[in-house]
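Just so it is clear, A, B, C and D label the chains in written order, and each chain counts residues from 1 on its own.
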Amino acid sequence: MIPLLLIAQYSAPLAFAATGETIGQKSGVLNIGLEGIMLLAAYASVSVGLATGSPWMGMLAAIACAIALSLIQGFFTIILATDQVVAGTAVNLFALGLTGTLFALGAAKGESLSGAPRLPEMLPGVDPVLLLLPILVGCAAWGLTKTAFGLALRAAGEYPAAVESAGFSVTKLRLIAQGLNGLFAGLGGGYLALGLVQAFAENMTSGRGFVAIALVTFGRWKPWWALGASLLIGALEWAQVAMQGKSPLPIQFFTALPYLVALIVLVIAGKGTMAPGALGLAYRREK
Amino acid sequence: MKQAVRLGLQGLAIMAGLVAVLFLTFAAFGQDPVFGVRTIFLGAFGDAQGISRTLVRATPLLLAGLGVVVAWRAGMYNIGGEGQYVLGGIGGAMIAKLLGGAAPAALGPMILICGVLFGASVAALAAWLQVKRGVQVVVSTILMNFLALELMEYLLRGPLQERKKQLFVTDTLPNEAMLMRFGAQTDLHFGIVIALISAIGVAIYLYLTKAGLQLRIVGDNPSAARANKIPADAVQIRAMAISGGLCGLAGAVDYAGLTGRLADGFSQNWGFIAIPVALMGALNPIATIFSATYFGALFAGSEELKRTLPIGNTVVPLVQGVVVLAYIGFVTWMSRRKPVVGAEE
Amino acid sequence: MTVPPEPILSVKSVTKRYRSVAALQDVSADFYPGEVHAVLGENGAGKSTLMGILAGFVVPDSGTVTLNGGPAPIGRPFQARDDGIQMVHQHFMLVPNFTVEENLALSGMRGLWQTLDTKALSKNALSRAIDLGWKVDADERTGSLPVGVQQRLEILKGVADRALVLILDEPTAVLSPSEVNDLFRVLRELKEQNIAIILIAHKLSEVMAIADRVTVLRRGKWVASCRIEETNAEQLEHWMVGEVPHREAAVSTSSGETLLDVQSIDVLGDRGNLAVKQAQFQVASGEILGIGGVDGNGQIELAEALVGVREVAQGDIQRPDATGYIPQDRHQDGLALGLSIEENTLLSHVPQDAENGPMLMRSKVRRWASDIVDRFRVKIGEITDPVASLSGGNQQKVIVGRVLSQNPKLIVAVNPTRGLDIRAANDVHERLRDAAKAGAAVVLFSADLDELALLSTRQLAISRGELGTDYFGSIEAPA
Amino acid sequence: TGGAPEGKEVKVEPNVGGGKPIEGTLKVALLTPGNVNDSGWSAIAYRGLKAIEKELGAEVANKVATDASTNDDLRSYAQDGFHLVLGHGFEYNAPAVAMAKEFPNTTFVTSSGGEFGPNAGAFRFYMEQAFYLAGMMAGRLTTTGKVAMIGGPDVPSIRSTFKAFAAGAKAAKPDVVVIEKFTGKNDDVAAAKQATLQAIAEGADFLIHQTNNAAPGFFGACEEKKVYCFGANENQNDMSPQVIASAVINAEAPFVSLAKEIKEGKYVGGIRLVGMVEGAVEFVKNPKAGAAVTAEAQAFVDGAADRILAGELVVPKDEF
């Protein structure tokens, strides 16, 4: 038996990222750079946490850096209207290189990025960031469906011209969504590093950003569903760790299981008609 | 003529910009920028070793980049190049294992063929899933990348493990089965010729054949293709198969030309880098030759850099990220300023 | 009705250039409350540009715009909207995946930072719908509504709040005659409420039926403005194109061999709905069968079934091998906009002599493409330019040209002249007629009764997927 | 197709000695599979390299070498006149031995690997000895009867050390249950913590690891659950209060003595096993462990260590 709390803890980085990506995709922007943004946030949370001695400053730094990088990507994909996949790929490379280089420079000076201070626990095993997860997912779900902003944001992802004609700027809406995406990725990356292990290692996100992108489809572009999908994958991960050594199947079968299940669910769930109509398409205002 | 001059100037401007980006990146991390840029340049073009290193790196980038070109031209956002590359290697290693020591001379070509088939079939599967089941290629190929890597790890510990069952690698290919090498001084192998021929082949296919025209029509407007009885689904699946085949070929060529064996470190992210390579090549197969060479040079030069700087390893992806962003930003900015070609009376 | 002395909105000597193109040159016009003001002109005459200036989307290079005697909010479309200038675009600004209520709420919102009450936000618009005698289902998915109903939503969005001026860009192009009648009824009602209505239309009969005043533009220049009583259709046509184009009468019925034989077919729509029920007819060589009806009644599905793009669910179609299809929406189904003009001429058919195994013969392809450009008088820069650089009319000619040049035995055309000006439309009509004369069977789907009357040798109407004969309404004379 | 020409064309072959003493500065290059700041496998070798630099005044260089660049890297260093090229990993062995034929004046030595030539060879760190001792200590001290090993990537060297740990534990407590978990990744700190927590949940109260960069995850879990653990590769006794001892590789001594042999022209190709006897492997107890390690257990392990040093106890190891 795996305690539910552990599943929640270890799927929280995925859940944060998938929720943010859901918001972003609802506005029409595919954020392939999610992995890199999470990685930068992870680095920032630990290095600032260690430097200031305050986990709060670490989390703030994670969020700030993630939003900044997310908006840099947004500058390219939303304002300049470049291809979203390429800009995202570049952001991933950039973040991997940047954090790796900073890490190497620090290591050369003998600095270590582990043993960062951790956030106080509100309940056993529940720090404020984890507590924030269901609250923020709820906010995202509520914001998308129950606020004027959410309506406009969804319209920007479906049919941007209609948003412009209603008097709202698609660019601004998408930038806000991209910023929120960054905020969530920052919480996810920060929680992964500072919340779970209080340490940073090169490339420690290990593909979680990419999996989160797949989970958005899996979650039918709904925040609660994205959370559910993350929990499911998180549970599978725990199951694979637990089953290791107790089954004659090779280890790789277990480590592949979450990806395999995600793919199979997508195939069974079938037609992705829930995808926002203008997802992945750059919008250029006619003049 | 004027067009050629303008393109040439634009190319020069881009090259200058890219060097400037390199320069600034080094400076930003407190490294001597002149030394850094010089090292990269000499490492990539300084001598026969450098040039060969550049071409060896450019080979998988060009092949996988061509794969991206073909898929994206058909409107299929294949980002599974990495997984298909790995599968290409797996396909090659499987046939090598199957044939044992038999017919080593024929083995080389067989490896390439198997690599193509392996890459092509998973990519076609991803395409089929999109066309028939609505699973977006962008999403499914991400997942397939992970699966391909896990599969390789498993095979290296099981069916494909070397004869002595000690290491998690395949047997090393016999020399006769390896692609022709251009000299013992360098790693340069016949793969670069295969890649160049592929580039020309893809160019001919896309621009001079009916199937290629149909592929581009489908990519530009699938609805119009359908209304004109071009079987858009079949064309997209075929495009993905070609794309995956090229990425698989990249893996097989690296296996049979460079490493001679498969090991956990076989995946070097060429399949991911191929995306910016293809886009910087404007999704044009011939221009992709140049962008692949550029990236190849960056990798080759940074090999030299890694030998000398402690941050050599990690500064490379950083530079690539900045370069790609700077490039796409620049190109978009240029295309915005460019007067729209109008045809008004 | 009385004409108030003061115009609500007026433009004085506005000029707008797009690089080399002068979209508008020194144009002036006054728009009065309580009047329908029609703006006429050929494709590219500058009508939409002028509307864009009025609605605040387009900033003129020079000239002044006044609203209610004061300066109009130039270049500030949202201010213009708040000031009561409402515009219904040619391409609807509706989110297809939203419900009607959500769409109305989206346009009714004034700020982003508030909780969403779609009921409250769409209340005004929905109550206006009741005033205007329209039944609107607030929970329906917008994209699945017929075009006519979507247009009503656009008008409702415009008049939900304070509307002083209502601008409609080619609203009738997509409507059936009875829908046009209904639209005109509503416009008259709005006119009674002292709203100034500005209307762009290509069909003079409609203009004569509804307008109180007309302004004619030609190649960006003002040609004439007057009250409708002071002019007639011939004069308007002369103002628009300079000379009155020659019109041929419909081809006489021919009794050639039957080329198209449709035997009680059922066709399914994209969502699996039964779009065409038990259609049955024959078309012979030399015949032009006109099929009229409101958009969304199964035309597209039937047309696609006729040419074999869509499978029939039941029944059978005998058709000749060589078929040509002119689809309804050139941007959606007709062209690959990112490809060159030359490549677009190959979209439906690659001439046999240009194929050599899998290869295309470049010189043969070039000759085929230039032939089409020459024979159909397509105005182009370079043949290798992207087809997107052509104006709408010339794009349409590329499609018509490539379809007719392959000498099809069967031609299926859906609204082939939608949005084209009179001269371009005449050109297309003539080509279709020539094809019929040369022995092809033609099926012409059109929402335009005049076009059907002018071209077809025989007419059918389609309604809710069923073919019949007595569907056509007619346009009422002004009361 | 056809293979590479058999070394005939080689022209770039600086005369750097080989079989004869080297005059002037010794040049030594090191290839590692990962960054040298991984506080694990690669870091060990880097410390060895630094020792060569310091003690022999050698000119040193190092680089991460992947499968695709291995041949190029070996060749480039040889062409640049390096006298000794060290490849830190079994994966460099076969390419190095092949390359050595083309550069008779450069010596290629890899850590692990079974092939050698006149100017090429390997030395194999007998890390299993230290893991065996750790296993014995764990087996002696466990109250739950369960001990665990947490691995990052699933590679032969790690598997072999884990086998030794398990053997040691069984030697101390025959009915001990040995739990083994791999994350499959080198740098996934969260996954390492996850695997460790799971092993602890399954009852393990003494754990050892091979997680390289992801080690903070391992230590974090042990700290949280207040179970005892061992450091590996480097002396990690300070990384957490829960660490009772570390299984350490000291690459300094064998690296420096190897470099000396090269400098004096005395190197003979072959495969050497370097372990506790040579001082290359060590089981270092944590002085701060205090009461966690009973005197009885310590004596038990010390006794085994003595027998290893005396050659009476041969710890099992895999060939790779």
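Note that in this section contacts are C-beta pairs under 8 Å (C-beta built on N, C-alpha and C of every residue); 3 or more make two chains touch, one makes a residue touch a chain.
All values reported here derive from a predicted model rather than from experimental measurement.
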| item | value |
| --- | --- |
| Smallest count of steps, each to a touching chain, taking chain C to chain D | 2 |
| Two chains sharing the most C-beta contacts | A-B |
| Inter-chain centre distance, chain B versus chain C - centres from mean C-alpha coordinates, in Å | 46 |
| Interchain centroid distance [CA atoms averaged], chain A/chain B, Å | 27 |
| Inter-centroid spacing, chain D versus chain B (mean Cα positions, whole Å) | 35 |
| Junction residues of chain A, two or more chains touched | 100, 103-104, 108, 202, 252, 255 |
| For chain B, residues that touch 2 or more chains besides their own | 150, 153, 157, 313-314 |
| Residues of chain C whose C-beta touches two or more other chains | none |
| Chain-level touch network, classified as line, ring, star, complete or other | other |
| Touch relationships between chains, expressed as pairs | A-B, A-C, A-D, B-C, B-D |
| Partner chain A, residues of chain C touching it in the complex | 77-78, 81, 89, 91, 93-98, 102-103, 105-107, 109-116, 118, 121 |
| Residue ranges of chain B in contact with chain C within the complex | 208-211, 213, 216-217, 220-221, 223-230, 339-345 |
| Residue ranges of chain D in contact with chain A within the complex | 35, 37, 39, 154, 179-185, 187-195, 197-198, 201-202, 213-217, 219-220, 239 |
| For the chain B and chain A complex, residues of the former touching the latter | 29-30, 77, 79, 129, 133-136, 138-140, 142-147, 150-151, 153-154, 157-158, 272-273, 275-276, 279, 310-311, 313-322, 324-325, 328-329, 331-333 |
| Residues of chain C that touch chain B when the two form their complex | 18-21, 44, 304, 307-309, 325, 327, 332-339, 343, 346-348, 350, 355, 358-360, 362, 379-381, 385-386, 389-391, 394 |
